[in-house]
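Heads up: the structure comes next, in structure tokens.
Chain IDs A, B and C follow the sequence of writing; residue 1 opens each chain.
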Amino acid sequence: MSSDTSRSAPRPPIIEIRNLSKSYRRGAQIVPVLSDITLDILSGDFVALMGPSGSGKSTLLNLIAGIDKPDGGSLRVAGADIAAMSEADLADWRAEHVGFIFQFYNLMPVLTAFENVELPLMLTRLTARERKDHVETALEMVGLADRMDHYPSELSGGQQQRVAIARAVITDPTILVADEPTGDLDRVSAEDILNLMDRLNSELGKTIVMVTHDPNAARYARSLRHLEKGVLTEG
Amino acid sequence: MHFFKLITRNTLRHKLRTALTVLGLVIAFLSFGLLQTIVDAWYHGAEAAAPNRLITRNAVSLTIPLPKHYREKVRAVQGVKTVAAANWFAGVYKDPKNFFPQFAVEAVPYFSMYPEYRLAEDEFRDFLRDRKGAVVGRKLAQTFGFKVGDVVPLKGTIFPGNWDFVVRAIYDAGEEKTDTSLLFFHWDYLNETMKQRFPLRANQTGIFIVEVNDVDRAAAISEDIDKQFKNSTAETLTETEQAFQIGFVKQTEAIVIAIRLVSFVVIFIILAVMANTMAMTARERLGEYATLKALGFGPGYVAALIFGESLAIAAVGCVIGIALTFPIGEWFAGEMGTLFPVFEVSTETVALQAACALAVGLIAAALPARRAAGVRIVEGLRSIG
Amino acid sequence: MSIPLRYTLRNLWTRKLTTVLTAGGMALVVFVFAAVQMLDTGLRATLVATGQPDNVLVTRRGSNAEISSGVDRVQAAIIESQPEIAVSTDGTRLVSKEAVILITLPKRESGQATNVTTRGIGDDAYSLRPQVRLVQGRAFEAGATEAVVGKSLAARFEGATVGSVLRFGGREWRVVGIFDSGGAAFDSEVWVDADQLMQAFRRQAYSSVIARLTDAAQFDALKARIEADPRVTLDVKRERVFYEEQSQALSKFISYLGLTLSIIFSIGAMIGATITMHASVSNRIGEIGTLRALGFRRSAVLLAFLFESILLGAIGGAVGVALASVMQLVQISTLNWQSFAELAFTFTLTPRIIVVSFVFAVVMGVIGGFLPAVRAARLKIVDALRAA
């Protein structure tokens, strides 16, 4: 468990959010989800976004990850103004800069662990041999090198999440976004995953933004942010 | 009743899928109905035949003529009431595409034997008086716009040259199956003209149509007629009008069989589509079936739900398909002009469509129903969420 | 960058029953489509094989079949004397003046009386038709009431084997040989001596005259002269063209009916494909969201699902063509409306039919799968992920 706050070197903000807002239309009504969010996330930070159900934390995560567009305000990630990018450009941007970790792993059931991890590399110009090297390295790092030819249905929840993490880091992305990564896991597996994420952050310097409602998971993070009814509160 | 409510609601759950399946079924049953009706239309000649009419032709083949003077001998055979000579004319009206049957007939005896060709008395008299006169059927008149008094020019193929006929009468169908796409003119006019143009071919007829007094003795009378001409230069073959018509159809039987086969292929196609739909639907609802079983409903109930849904969809598709067969069949026959003079959807065809719907509904549901009925509650519940 | 092929392939493999049923439906449609074309091709091949490129066939003007045509001896002699007609080795013109009538014979299995073309031939008939070979027995002797029959006829009809006797025209004709014309219309004919036939039926005129041109290019000159000659009322046609026209009515019927049916059936099969692909998309909404999040474009998603549907079509096409090719073992015989007599032909498979049928199958896959693929591509990432 790391709450190492003794980093002395000033780190630049990798995510700059200014006056961000997002609403959804439900029938004739417009429901605001995020209101006037201003926030900086520094490079190498491990942020936990917490809040009750309906607070907008997942929406904020989606916006940071570039899979949704804000209605107002600005959002710069790794220097790119992603609020202004076209969908096609966003897709390319995500492939290069974002790694995803989902609550339900979101692996392709018809692909093996190896092939699932390889998937993001299909968006690059690497040769098959080069891809193979990368995938094997990533799977070794998460401790599943011996199960590369297994299908998700043949793996436990914790193992599947580890494959998902290998997939998330394979392109060496700028940020990792995790939405309730331990939400579907038992205590032991959850700890394994969180330890792994901690190592990714402390040893490899990965910036991680994690949404969670589990205080145990939050303890692994360096910074905490609270959201309540679409507004940031310090906590 | 819970059961029927469940079936109805389930069918409406996946509106798009159900709608597409029904559409596929409609197309399939419609095609099936049309094809069967085409086959029926093929046989219409045989259906319109009267049991008291015989056809006498040259024993070698229909294309070899008989001497006209045989007429008297045929008339003299016991049991024979009326005899009329007739020739197939095969003329071309402007374009070979405008095909319709034309016959040169001995008018008075011929029309007395075909009461189903309803003629107005005064028009018929005008026809008898005009040696170049012609009688045309109502459907033929409608197709080409013939009116009494119009001239119909034909180019002969078997009987070469240009022939002009004047429409003197239009006949209507006396019965449902009567063909009103025919043209008749005087046999004598044909013969006179042939005497001038090709004298060697004169005084010959294609067939004799014979009306008999006693329907039960038709076979015996046929034999008696043929006996008259045995061992002559032109031996005859006499058979009932129905046998004669069926003879034609039988020679193109291969095509008829092919069409019938293809009409069943379409049923198999739709069976595949339907089975697919039911399999997907049942697979997706495995959790629900497990829940029902957990609640105490037996495997029979679950199976019945699936069969019920499958049959409901099949029934809807079939009913719409049957309903559309009639108007579309009419349109099709109209487009075909004179090719299908009689085009009617028979009750047999409708019954067959319904039977196929039942079969499709049952077979498509069979495997999914068995799987669903046999699902282990625990496994099924796990598959939810 | 596209989604890997194996994702599509494995998804088809995982849902085997659905894949089989959907592809199966398309296979049946392709089967009907291909079989009809094979039938039409077989029909036309038979009739075209019947004609030689440098032969002409002369009939009375306006008659569209040999049985309704009459060419009297004078007109026949005029044809024979034309300069474009080739001369045979014995110094005479290479012509065969033929009389064609129809007789009825019972079919072997059904006993059904069927019209059969009986051709009275002249001396040069065999020279004019090099594709005809005697495979059993011998040719009939000139002046004898003997007959030779085509191999299809011998196989399909009662009493048409070597040694049997055919009764027509008040005479008995002994069958002395069987010939093979390589699938041409002659295989369904009976051949006898023309003079004998005409005497038996008291005919004065021939039906048609077959002749060899000195050069195939001489046709136009011959045709022009004959049409201008006031002594004759004849139609001169290249033998190939004549037989092609003989097949037109039947061919048109088969191809129109077949095409209409194929299109109607294809709608059913495409509906099947649409239902399958919609379900496929619905079941994988979460995967689609994930793929888009990872950076795959909308177009990649569209192509992946469209390809799945195309693959279903391709499988259906391959199976359908394979089934249709089995039909090559079947021989069809029916009444040819133009000649009003029995004609036997087979289902003929050509490379063109294979390609066209396969393309048809793929097109079915594209149309059937298009809307579901578009739906998959248009999903919003967050909605898809939420629905997973």
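What to note about this one:
The criterion applied here is as follows: a residue touches a chain if its C-beta (ideal position, glycine included) is under 8 Å from a C-beta of that chain, and two chains touch if they have at least 3 such contacts.
In this text the structure is predicted, and so the values were computed from the model without any measurement.
Using mean Cα coordinates as chain centres, the one most removed from subunit C is A. When chain pairs are compared by their number of contacting C-beta pairs, B-C comes first. Separating the centre of subunit A from that of subunit B, both taken as means of CA atoms, is a distance of 70 Å.
A straight line joining the Cα centres of subunit B and subunit C is 25 Å long.
Here the CA centre of subunit A is 65 Å from the CA centre of subunit C.
Within the complex formed with subunit C, the residues of subunit A that make contact are 62, 65, 67-68, 87-88, 91-96, 98, 100, 102, 104, 106, 108-111, 115, 119-120, 122-124. Contact residues of subunit B toward subunit C in the complex are 16-17, 20-21, 23-24, 27-28, 31, 35, 59-64, 90, 96, 155-158, 160, 198, 200, 231-233, 235, 247-248, 250-255, 258-259, 262, 265-266, 268-270, 272-273, 275-277, 279-280, 284.
Partner subunit B is touched in their complex by these residues of subunit C: 17-18, 21-22, 24-25, 28-29, 31-32, 39, 60-65, 67-68, 70, 101-104, 110, 112-115, 168-170, 201-202, 204, 233, 254, 257, 261, 264-265, 267-269, 271-272, 274-276, 278-279, 283, 332-335, 340, 342. Residue ranges on subunit C touching subunit A, taken from their complex, read 1-4, 6-7, 10-11, 13-14, 286-287, 289-298, 381-382, 385, 388.
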